[in-house]
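We just call them A, B, C, D and E in the order they show up, numbering each chain from 1.
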Amino acid sequence: MFAMTVRQRGRMEGQFELTPGMHAIVGSSGAGKTTLFRLIAGLEHHPSLKIRWNEQSIDRLLPHQRPVAYVPQRPSLVPHRTIEDQIRWIAQGSLPHWSHWIQWLNLEELLNRYPHQLSGGEQQRAALLRALVAKKPILLLDEALSQIDRPHRVSLYRKLQETLGEETLLLFSTHQWEEAEQFSEYVVFLQKGRIASSNNITQTVPVDSEMARMMGYVGSVPVPDGHLLIHSRTIVLGQSLGPSLHISGQGYQQPVSPTLSRYHFLSDDGRLLLEWIGNPSETTQFDDISIINPVLVPFSLPSTQGGG
Amino acid sequence: MRRLLGIWSGITLAVLFVPVVVLFLHAGSLEQTIRSTAGRNAIEVTLGSGIIALAVDLLFGIPLSWILARLVRPKWRRWWGTLLIIPLLMPPLVLGLVLAYVVGPASPIGSTISLANTFAGLVIAQIYESLPFFVLTAWGYLGAIPRSLEEDVWVLGKSPWQTFWFVTWPMARAGFAIAAAMAWARIVGAFGAPVVVAYHPSGLPVAIWIQLQEQGLPAALGLALWLIIVSLPLPVWLNWRFSHVRYDR
Amino acid sequence: GGSGAQQVSGTKTGTANVVYAGSLEFVNNEQVGPAFEKATHFRYQGQGGGSFGMAQEIKSKTLAPNVFESIGYAPIQVIEPRDTKWAIAFAASPLVVAYSPTSHYAPELNAIRDKRLPLRDLFTLMATPGFHLGRTNPNTDPQGQAFYMMVELAVKHYNLPAGTVDQILGTLNNAKEVYSEEGILTLLQSGGLDASSAFLSEALERHLDYIALPSWMNFASPAEASVYRSASLTLSDGKTISGKPLTVDITTVGTPEQASVGFIKFLLGAQGSTIMRNAGYQVFSPEVFGSMADVPSALKP
Amino acid sequence: MFAMTVRQRGRMEGQFELTPGMHAIVGSSGAGKTTLFRLIAGLEHHPSLKIRWNEQSIDRLLPHQRPVAYVPQRPSLVPHRTIEDQIRWIAQGSLPHWSHWIQWLNLEELLNRYPHQLSGGEQQRAALLRALVAKKPILLLDEALSQIDRPHRVSLYRKLQETLGEETLLLFSTHQWEEAEQFSEYVVFLQKGRIASSNNITQTVPVDSEMARMMGYVGSVPVPDGHLLIHSRTIVLGQSLGPSLHISGQGYQQPVSPTLSRYHFLSDDGRLLLEWIGNPSETTQFDDISIINPVLVPFSLPSTQGGG
Amino acid sequence: MRRLLGIWSGITLAVLFVPVVVLFLHAGSLEQTIRSTAGRNAIEVTLGSGIIALAVDLLFGIPLSWILARLVRPKWRRWWGTLLIIPLLMPPLVLGLVLAYVVGPASPIGSTISLANTFAGLVIAQIYESLPFFVLTAWGYLGAIPRSLEEDVWVLGKSPWQTFWFVTWPMARAGFAIAAAMAWARIVGAFGAPVVVAYHPSGLPVAIWIQLQEQGLPAALGLALWLIIVSLPLPVWLNWRFSHVRYDR
């Protein structure tokens, strides 16, 4: 069990509890993800900080004494040691034990190189392995896979999920909401230095429009109890089902590539209501849409995405 | 621009090497110098005492520079810098005069055992001439190593001590090597302090001075050339062995 | 500045560029020089250092003064015959034993100075193990030679036990007591030495406590030359030298110029003699060494 | 018109031509994207390198003389200058002119900070602006937006696309194929140091299984002329349309979150044929699938994703 | 460990400051020293010649160290390092003897205009005592600045020259400041070379020497204390003004 509380005004405030497993930290740029990780890892301090792990208080321990391994966002390999040297150093000698991972991460041929001789993604993979061999029960990945291509990243997450020990906690920050959805049980959502929510992923409801947009919602419809948020993936084209989930209007599809289309949906009086990117479909024109699993929230999202 | 800089640097190098060339041209017979017992003794004394002095410099200087670079709060750095400039500014001659008090029998140390004109006195004189140069150079280099390099492995369970040896030391070595080369130059060239407190056993600079009085300038310069020759290998080796660790793309 | 090269200056406004033994620093720089400038229209520039070292530099042409003033004739002989062929001795600097007032032995030394104890006791005291005596290198310094021979003379004179010379001095270049000329009085003043050799002039300038020596052993009296000669010393290079007065010898370097000759003339004159005497030197009538023929006529006695 | 040829064995080989506009460079980790950018920017050299821009040869120019602005993959701001100072320096004094961009990138309050006081994404935004103010006709973005959250990144791409001058070339590398699809006209595909293809995005056909996987294809079906690649986005659930695009079997849906589902599709004899992540749909069980716009290629993709 | 290091560093600092403290304790009256014309002259001479010598060091040293750090191929670095150690090892006394050939009456220069015992001669002696220390220190610092910082702005249209002023110089300044502080220490403490080639006009170390001969130790130490006092402001200001640019998180 991991529990954290902090009350550092303007920098990091809030608290959350997590069970072992794989969980995501989500928040827009500058929300405080890195700050949170650095607090957990012991690189930043605040008197109000309380961290408990398995009933032990760890917030007064020095960074190297904490049960935490942390992969920062920026390149972090030791520049003047080969990949093998530094991984072996962290692993304290037992590399053969890790040969499966080395192979899986495609690092075999890179082991005797220096970090500056690796590409960005290769460095990230090496840094990940280096953190794994530290064998700490808490692993923090701060956008640590951001420079690895999508399919590899996805299989890496899956692999991590599979090999995670029973008693291990993996926290990762990501800018791809789908990855949080796919691979985390809980999501800790940060906003301007506050821990805004921490929920089971299947129950996560956006607390404000920023979070909603980050989660991929593209618009909202006012209903008596609040607003219905619309996610591009929950839209079903054409007339459908129950009246509360049904929005009337006309839409058309604009193919972007063989596998991607842009959709525009206008109200009956010709106003652009929604615009989204999604799967191609067989119809280029359609009447009305309906929404699967609508999410009801007390705030509204403009129907088209704004800037910045 | 680059061309101009190149030419200018060439001139600088030429200017720097004028004394070396003149020394070669005017030095008396190298062979004869080394045949004299005094000359051989001086070489032995300088190398022997110099290596001890350098070792002491390292022993004192490395921890101090590390502490200054790592544990001193940034806002205090300038104060420490100012403080350290004071011993740096002690000229060799003044050091000699002052050390006369320290090593003589009048001092707390000297009252039990006078260190003037002893090997130990010579080593002390050399240490004082070189240590501030070592500390300041080494401090500067250590300060240029980003803190984040250390943090990045602390968070993987490595203690600051382990981190020092694996991460910091190899990067700092280049700086320590240059600092040691400069300390060594001060040590083997130490004249101002030894001539006051350690005329005996005569290291090379004092021996050169004596040689000048006894045999004249060519013989003295012959010994000076020996000084360059025998003192060159150590810093060259340091420079060769611990040359810059380059790691940026 | 400018050490006016070796051509004869036609006007009277030249510079006396004097290189002298370090012990003459004070008297030259602070007294003779200013007085000379005031009395003549010449300028004065002085530079001090070890007599032999300076001589070697002049010989190597890395130093180009027009007057060289040394302790003893030997350093001047280094630059003969190219730069000069003569020297004039005109004063001598008495040797003294300077001591530290903070020394363990200060009471006895004070008593000897005040003649409450005989001078003989100085030598038994200096022979005591643990007595830190300082002297300069006889191989490179006339004072070092004189001090060595002074001890010889004293031991003979006072009929001290045969081993006393060795107990006091040890080997010629005894590493325990031979210091550089530049360092020796520093160590004495810092309390690092109990006693050391010194010139009377130095002891006066620096306000040191010192024990004066009788003329037969202070190497400053031409009248006692025969006594001094009875002492001898074999240097490290095998040369044997015998004692002679620690005279202040002066010569011109290169072709004599008006300024250089003028300086020597001033120094040998009444005003110069007074200054020297007041500074602790024994002044006597000038004596020429080397080739009399080459002495500029203005300086011939 | 931009044209480049290089023949450096083992490091970068191939050639391509591009018209002004916004184009993507795609390739898996270590494929050579950064190397390509550095060659264009003049930071790396090879005798065989030829680069032409508007009929002018630029391959012998020094980096600062080239009509190129380059934002590298790693943090690249000048560490000891405030954001404002360095942007003003590059812009040569005319910052007010850029206030719209500063606002849009949410940089107003960060201008007088030093780079180390910014979060990763903030640094990337500042670096982007710094490159924009250089006003070079060629802009190279090497995963320069990788640490900005998805919705902001997408609107940034859109904004760049809109403000791009007629005569400007913007090359960006990305690990998200959808971004290439959405925002580039041409895609240059790199593979192990080779320029493998450069095609109009709407005509891009994967040249091998690596590229196919990167493009999001999840499986393939052998047909007489080769293989039909299957993209999760082109799958329509349930029985449908023409026979060549029709695959029979049974599938079921597993909801991952309110807006995401995992699908499994088995052949009639019970073998797992496909597995993909996609939109939720109203049916949890379905028979058969059909494929929209199938892509025919001469190689096959295993039906389930492998590791590494 | 850290505690131990702290104690050890404390000892080192104490050891370093022994001469300074002794100097303070034993120096004669400061006021009296400054009242003597010779003392005041020496201070003026040292500051005047020292600032010129330091300026020349910067003028020659900055371009050379930059060229060495930026244009020398990595594999040649060691060779250049070795080469530069040679002038570094020339002891001050030997420099003096050798410079006597160069600027003295016997040299080609000296025969037309002798620089021995001139202000220019003093400046030359000071330059030779300090320049190698400056170049080596500055080179090391420049070499530690990652190349990529420069590349990152070249590709935004800034020329190497513009880049030097905006990017490299502010980072290198801290190194140059330390290098200059060390050069300054060598300059104001220069004795070995000036005592041979520039006895006049006497800078402080030679004046201390003369004072020692004339008046003895306390007076000489009084002047030595003045040396520390008057030479301190410049390096302290440098250190204060151009102290380390810290930029890692």
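Definition applied: contacts are C-beta pairs under 8 Å (C-beta built on N, C-alpha and C of every residue); 3 or more make two chains touch, one makes a residue touch a chain.
According to UniProt, the chain labels map to these proteins: A, D = Molybdenum ABC transporter ATPase; B, E = ABC transporter permease.
If you're wondering where the values come from, they're calculated on a predicted model, not measured in any experiment.
Path length between subunit C and subunit D in the touching-chain graph (shortest route): 2. With every chain reduced to the mean of its CA atoms, the largest distance from subunit A is reached by C.
With centres defined by CA atoms alone, the chain at the far end from subunit D is C. Here the chain pair with the top count of touching C-beta pairs is B-E.
Averaging Cα coordinates per chain places subunit A and subunit C 90 Å apart. Centres computed as Cα averages put subunit A at a distance of 56 Å from subunit E (ABC transporter permease).
The distance from the centre of subunit A to the centre of subunit D, with each centre set as the mean of the Cα atoms, comes to 19 Å. Within subunit E (ABC transporter permease), the positions touching two or more other chains are listed as 26, 97, 101, 148, 160, 209, 212, 217, 248-249. Residue positions of subunit C with contacts to 2 or more other chains are 57, 60, 62, 182, 186, 189-190. For subunit A, residues that reach two or more other chains under the stated contact definition are 74.
Working note: touching chain pairs come out as A-B, A-D, B-C, B-E, C-E, D-E. Partner subunit D is touched in their complex by these residues of subunit E (ABC transporter permease): 148-149, 151-160, 163, 166-167, 170-171, 245, 247-249. Residues 1-2, 5-6, 8-9, 11-13, 15-20, 22-23, 26, 60-61, 63-64, 66-68, 71, 74, 77-78, 81-82, 84-95, 97-102, 128, 131-133, 135-137, 140-141, 143-144, 146-148, 160-161, 174-175, 178, 181-182, 184-185, 188-192, 204-205, 208-209, 212, 217, 220-221, 224, 227-228, 231-232, 235-236, 239-240, 243-244, 246, 248-249 of subunit B (ABC transporter permease) are the ones that touch subunit E (ABC transporter permease) when the two sit in their complex. Contact residues on subunit E (ABC transporter permease) toward subunit C in their complex (touch as defined above): 26, 97, 100-101, 104-106, 114, 116-119, 195-197, 199-201, 209-210, 212-218. Residues 50, 52-53, 56-57, 59-60, 62, 78, 100, 102, 132, 137, 139-141, 173, 175-180, 182-183, 186-187, 189-193, 237 of subunit C are the ones touching subunit B (ABC transporter permease) in the complex. Put simply, subunit C touches subunit E (ABC transporter permease) in their complex at residues 1-3, 5, 22-23, 25-26, 29-30, 45, 47-49, 57, 60-64, 182, 185-186, 189-190, 205-208.
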